[in-house]
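Here chain A shows up in two complexes: once beside chain B, once beside chain C.
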Partner chain A sequence: MDKNKKSFFKNEGVQAVIASLICVVLGLLIGFIVLLCINPAGAGKAIVDMMKNFFAYKTSSLQLKYFGSTLVKSAPLVLCSLSILFCYKVGLFNIGAAGQYTIGAGFALYAALAWNLPWWLCIIVAAFSGAVLGTISGILKAYCNVNEVISGIMLNWISLYCMNMLLESVKEETSPYTKNLAAVNRKAILPTLGLDKVFGNKYVTIAIPLAIIMAVIVWIVLEKTKFGYELKATGFNRHAAKYCGMAEKRNMIITLSIGGAIAGFGAAMFYLTGIEQWNCSQSSVPGMGFNGIAAAFLGGLNPIGSIFSSYFIQHITEGGANVDLRVYSRQIADLVSAIIIYLCGFVFFMKYVMKKMIAKREEAAKLATEKETAEEDKNEGGENK
Partner chain B sequence: MTLLLQYTLFFASVLTLVALGGCFSEHSGVINLGLEGIMVIGGMGGALTMRYIAEHFPDASAFTIIAMALLMAIVFGMIYSLLLAVASINFNADQTIVGTAMNMLATAAATVIIKAINTAKNSSNVSSVVEYIKPKEAFMIRIGKYFDLSWFAIITVILLVVAYITLYKTKFGLRLMACGEYPQAAASVGIDVYKMRYAGVLISGALGGIGGLSYITAGVSEWKFEDGVRGFGFLALAVMIFGQWKPMKIALAAILFGAFRALSNVREAIPFLASLKIPSQIYVMMPYIISLVVLAFTSKKSRAPKAEGIPYDKGQR
Partner chain C sequence: MDINSQPYAIEMRNITKRFPGIIANDNITLGLKKGEIHALLGENGAGKSTLMSVLFGLYQPEEGEILKDGVPVKINDPNDANALGIGMVHQHFKLIECFSVLDNIILGVEPNKLGFINKKEAREKVLALSGKYGLSVDPDAIIEDITVGMQQRTEILKMLYRDNEILIFDEPTAVLTPQEIEELMQIMRRLAAEGKSILFISHKLNEIMEVADRCTVLRRGKMIGTVNIEDTTKEELSRMMVGRDVELTVHKNDMKTGDVVLSVENLTVASRIHKKDAVKYVSFYVRSGEIVCIAGIDGNGQTELVYGITGLEPVKSGKITLCGEDITHASIRKRSTSGMSHIPEDRHKHGLVLDYSLEDNIVLQKYFEPEFTNNLGFLNRENIRKYAETLIDRFDIRSGQGAVTTARSMSGGNQQKAIVAREIDKDPDLLVAVQPTRGLDVGAIEFIHKKLVDMRNAGKAVLLVSLELEEVMSVPDRILVMYEGEIVGELDPKTTTTEELGLYMAGAKRGAVNNG
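And then the complex of A and B:
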């Protein structure tokens, strides 16, 4: 009985969940303290309102509708976080996901508005363009030794300005926004399979199940295939991988192009619902890709975990609109999620502490029963990455 | 033409200051991706100070305004950079995640704080804009009829020289750089690596804070903090790499990048460029493209500090 309990905490997955929960709780707590500093009277209510999100609405049909909008915005976030975690498992930090998302959004909209393509072709165009951008980063990394974080950051801004220029040609005459997708090209709107009726929200489409399917695919590729194993081996030690006969340069490029394709795909999943039009004069890269970093790490770098973490982040972001706007601003949700990501930086440290604690306890238990195997556990517990 | 020169100087001094900040941090061994966030927070400190002085001491001298605004920008920047220092030096956190989080946190925090202050003053004001029309004039020196020289350009030149001397001619600077190259070797001769890395990050916080203040006062007299600093922190990182982590080269790179940025602002005023009808986005994009191309050709023999981004492990061999 006692032994079972120990192995439960020893489980990597359990430790990851505990670490993520600590981040969330601490993040909310710090957010609460900030609110207290601004205005002590309504701080408690504001945090509750933010956590409630759509539950704040009275009728169940309205609740369902706003649950739907949260889901619509979670789908692209799941995909961005998948893009980042896929690359991270191969030892690459794909900060360029934001740019790959941007370029995916641009080409999805351009394909729909200028070329009148149907939705599935728009998705392919978007994923392909994201993949091209990822490949550029990959080639620069593999052959020119340019750090993927630096090239990613540069490409983020380059793609923002390129897309602003490209979409200029399909924007409304009187506003900086692109034309209304539903009015210009109905075929480009993602099919709903009746999901819109279920939620009473026309923006709920197949994007949501597709995002979940994608998460499962990424998990299978990484954990259950030889291809995924090779990629991860490259991530652990590229020189060792090369020595074992793996094409380590090719693996890096492929990884970043897959990451790019996933992020571009995510952009299509959002903009092809018609929920938002692109602002051709926007001066900052869409935050979705950066939030993806948050979701990936909060999800414990597990594809299935990132479904939940993405939903959580989107849930509090949407909930941020519910706070009393006369006292607080809706950006408190951004604040809380930024604090949570910051805390995610400490996850490795938390796991290290947890492992140490377990090792210590086991050692004590074993000493008590006078077993000689204590030495081995100590080695295991003190293992440093 | 004077306008072009004026804007080039504006942007070049911002980029030099922030890139020098990055340079100090990286030479000590910590990658500072949070420069963008540090700029926002430093700028916020300076902007709020300027507004406060304008409201409460309308006849403060120009010197007082400049000194106080700079001081607060430095203090805010340094305090904010502690987030990076503590996480990466004491807790061995992943510096890329922490830096990214700091950028997101800065914009969100600045927006929340300024909205709260604005709303407390006037309940119908829910914007994140800080105005500083009057105090901003303190930063300008008019030369001739049209040319405005900003005090920041002068401050930048001074700090550039100071940074160069500190890094290459003082014991402190050489020790700092040793910590970014081979921290274990530095430790073996009695240098406290943790202290040095703290110093590097805090200096980058101070310089980033001044840079943020100089950016939000460049050409405009109010700032909407929801926008952050529009990627200038990242551009400064590019300047730093382009300048191969060396102060003088950084200054040259900053002038080049600043000129392109300035062109996008003033191209309408120059007949030749206006007639070319190149969209402003092209000019804005140029610095990023140039640095990417240059990086592609020069990164094989990178001059980056060897130990940057790697948490210091005392026992490592």
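And then the complex of A and C:
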């Protein structure tokens, strides 16, 4: 019995899930403490509101509708976290996912609004543009030894301002926002396959099942194929990959291209639902790519795990909007969800701590049994005499 | 017993040090007499380093005590050890490359007046010490300009300058030529005669037999015993170290050599470290059925030569031919599939993906073959497992969980066996083996030497690169000595002596090289 229990906790998957849950709980706890410090009276209600998100609504149809919106925002996050996770497995930290997401958003909207392309072509344009941006980072890394984090961050800003400039040409005359997609080009809206009716929310589209399918594909590629074997080998040990004849530079570039394509695809999955219009005067890179980092780590760097972690992060963020604005300022909701997301990054630290604790306990148990047997031996020796 | 009348200079009593999952030192007792040279012998992972770290205050033992001159002492950190007069020459020297010898010696204990360093006083003391013990150094020379031997003497002077009484030498001969080794032995004897107590950590039996008074043997964290060198033999020591009888000599019959398999002409490879070329116009050949060894002191271009041949670094000029095919600019994969196997110098850097399982590492050179990858690019896990298990069985690779063990958790010897298995089973025409036995225990060395000879007997060509003199003298059919990027001599291991080899290695002698 005892042995079975031990092996259960020694299981990598179980450890990952437990570590993720610990991080979530810690994040909520610290978020709660911050709320307490600011205004003790409303803290309990605020944290519950955040947790509840759409459950706060009275009727089940409203609950379903807002569950739908959380899902709509989760789909691009899943893809951003997949982009980061995929590159991370190859030893690359694709912080440029934010820029790849931005450029994907820009080109998806431009293809839809300026070129009147149908949705599936818009997706391809978005993924391709993200891939191009990723490839730039990849080439710089492979041939000029430029750190992908540095080039990624710079490209994030470059792509933001390029997209602002590009989308100026398709923005509404009276506002800084791009034209309404549904009004200009209905063909570009993602098909819903009836999901909109199920949720009673017109923004719920095939983006959600596509994101899940993509997660499964990434998992299969990484775990089951020769390509994944090569990529992971390159990530774990670049020198060994080179030694056994893998084209480690090419692998690096391809990885960042694919990462970029996934992020760009994710942007299309969001903006082609029509839920949000691009603000051409925005001065910050959309947070989706950065939140993808937290989602990837909270999901234990597992493609399937990132589906759940992405949902959780969006759940908290959406829930934050429900916090009573008479008690707390609007920024507090963002702050608390940021704290929770930040702590999500500690999953691997938690796993490390857990492993150490298990090892220590085993050591102690071993010592105890050794002592016992030694004493037994002594006793037996005595009896024999 | 008379020993009890004079307490040990340093005594470690019943030392036990545990790490999670392993007992690194299990109840070890070691007494160092004043004025003796005491060898500490053991394989890699036997617990020598841990024991020395305990003595140096880097680790605190769970049980046991340390006595100096019979008085219990507490060593909490290296400063305590220094205060007790314990000094150590590390395997990798701790010297500042761009400082002079004198500056390095006085570093940390500079004699000063009102904050100004009084170098004159220091110089006099250093010169006096170097004269007394025969440690010839030029106090004003810059460390990066002097030989490894002189760097080591600087390290020794550092200990003497601090008036250390207990001197620890951690594998001091690994980086030296035979002549320098002989010199070091004399220095150690002189130090002992002057009343210094020396702990000499080594796994080289010849040196221990030559210089030590007593020897303590460790095996897997346990103390096997302490013996007087006078009353023991090399064979007994190796049996104590390994736990069984070991074949110390390599048996091989005469072989008729065949066609040239690898031919290298005027090969030049640039260095990554300095601006000069690391390999300069090197030419040689390896025929089937022979083992050719590139000997030399570490850092004379052997690494770069191998990188050039195996494709890890681009060559600057020259030509490499494998089985008649020009592979000078071929990709690594092309070289591999054309019949070249490579046991790399650094098994952790190049040889293994440590976070991969053993089976994934075993197919590292073969995973793309149809047997292991289908047309759609999916891995055939079943075949990979089967293949890995046959090799694990045939090469006796031991690990915790068999084929799925993470390579990182395996012992060094078994990691190396996995690489050797992978590279030999590729059935290559040419095997390039770079320091294939580095850091391995006697049993594993014996195994790998046997495999190299088997390859040769099967009519394959073997290019061995080695820094170990014993290996250079016993394994190959021909020796090529490399010095400062050039091949300076070709020797026949049957007729040459270690002294002659040493002269070539030190660049003091040059000979004709048969370039085929």
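Keep in mind that, in the parts below, the second predicted complex is superposed on the first by the 347 of 385 C-alpha atoms of A that agree within 3 Å, B and C clash if a C-alpha of one lies under 4 Å from a C-alpha of the other, contacts with A are read in each partner's own complex, and residues count from 1 in each chain.
Keep in mind that, in the parts below, a residue touches a chain if its C-beta (ideal position, glycine included) is under 8 Å from a C-beta of that chain, and two chains touch if they have at least 3 such contacts.
In this text, all values refer to a predicted model and were calculated from it rather than measured experimentally.
Trainee: In the overlaid three-chain picture, which partner chain does A:E363 touch, first (chain B) or second (chain C), both, or neither?
Mentor: second
Trainee: Would you check which partner chain A:S60 touches, where first means chain B only, second means chain C only, and both and neither mean what they say?
Mentor: neither
Trainee: Going by the contact rule set out at the top, does A:V149 touch chain B (first), chain C (second), both, or neither?
Mentor: Once the two structures are laid over each other on A, A:V149 reaches chain B alone.
Trainee: Quick check for you: in the superposed arrangement, does A:F236 touch first (chain B), second (chain C), both or neither?
Mentor: second
Trainee: With both structures placed on chain A, which of the two partners, chain B or chain C, ends up touching more residues of chain A?
Mentor: So, of the two partners, B touches more residues of chain A.
Trainee: Applying the touch criterion given at the start, work out whether A:T174 contacts chain B, chain C, both or neither, answering first, second, both or neither.
Mentor: neither
Trainee: Between chain B and chain C, which residues of chain A are contacted by each of them?
Mentor: Overlap of chain B and chain C footprints on chain A: empty.
Trainee: Which residues, counting only chain C, touch chain A once they are in their complex?
Mentor: 18, 20-21, 310, 312, 331-336, 342, 344, 349-356, 360, 364-365, 367-368, 372-373, 377-379
Trainee: Along chain A, where are the residues that touch chain B in the complex?
Mentor: So the residues of chain A touching chain B come out as 34, 38-39, 93, 95, 140, 144-147, 149-151, 153-158, 161-162, 164-165, 168, 283-285, 287, 290-291, 293-294, 297, 325-329, 331-332, 334-335, 337-339, 341-342, 344-346, 348-349, 384.
Trainee: In their shared complex, at which residues does chain B touch chain A?
Mentor: 33, 83, 87, 91-94, 96-98, 100-105, 107-109, 111-112, 115-116, 119, 123, 126, 128, 226-228, 230-231, 234-235, 237-238, 241, 279, 281-282, 284-285, 288-289, 291-292, 295-297, 299-300, 302, 313
Trainee: For a test of understanding, state which residues of chain A touch chain C in their complex under the given definition.
Mentor: Against chain C, the touching part of chain A is residues 224-227, 229-230, 232-233, 236-237, 239-246, 356, 359-360, 362-363.
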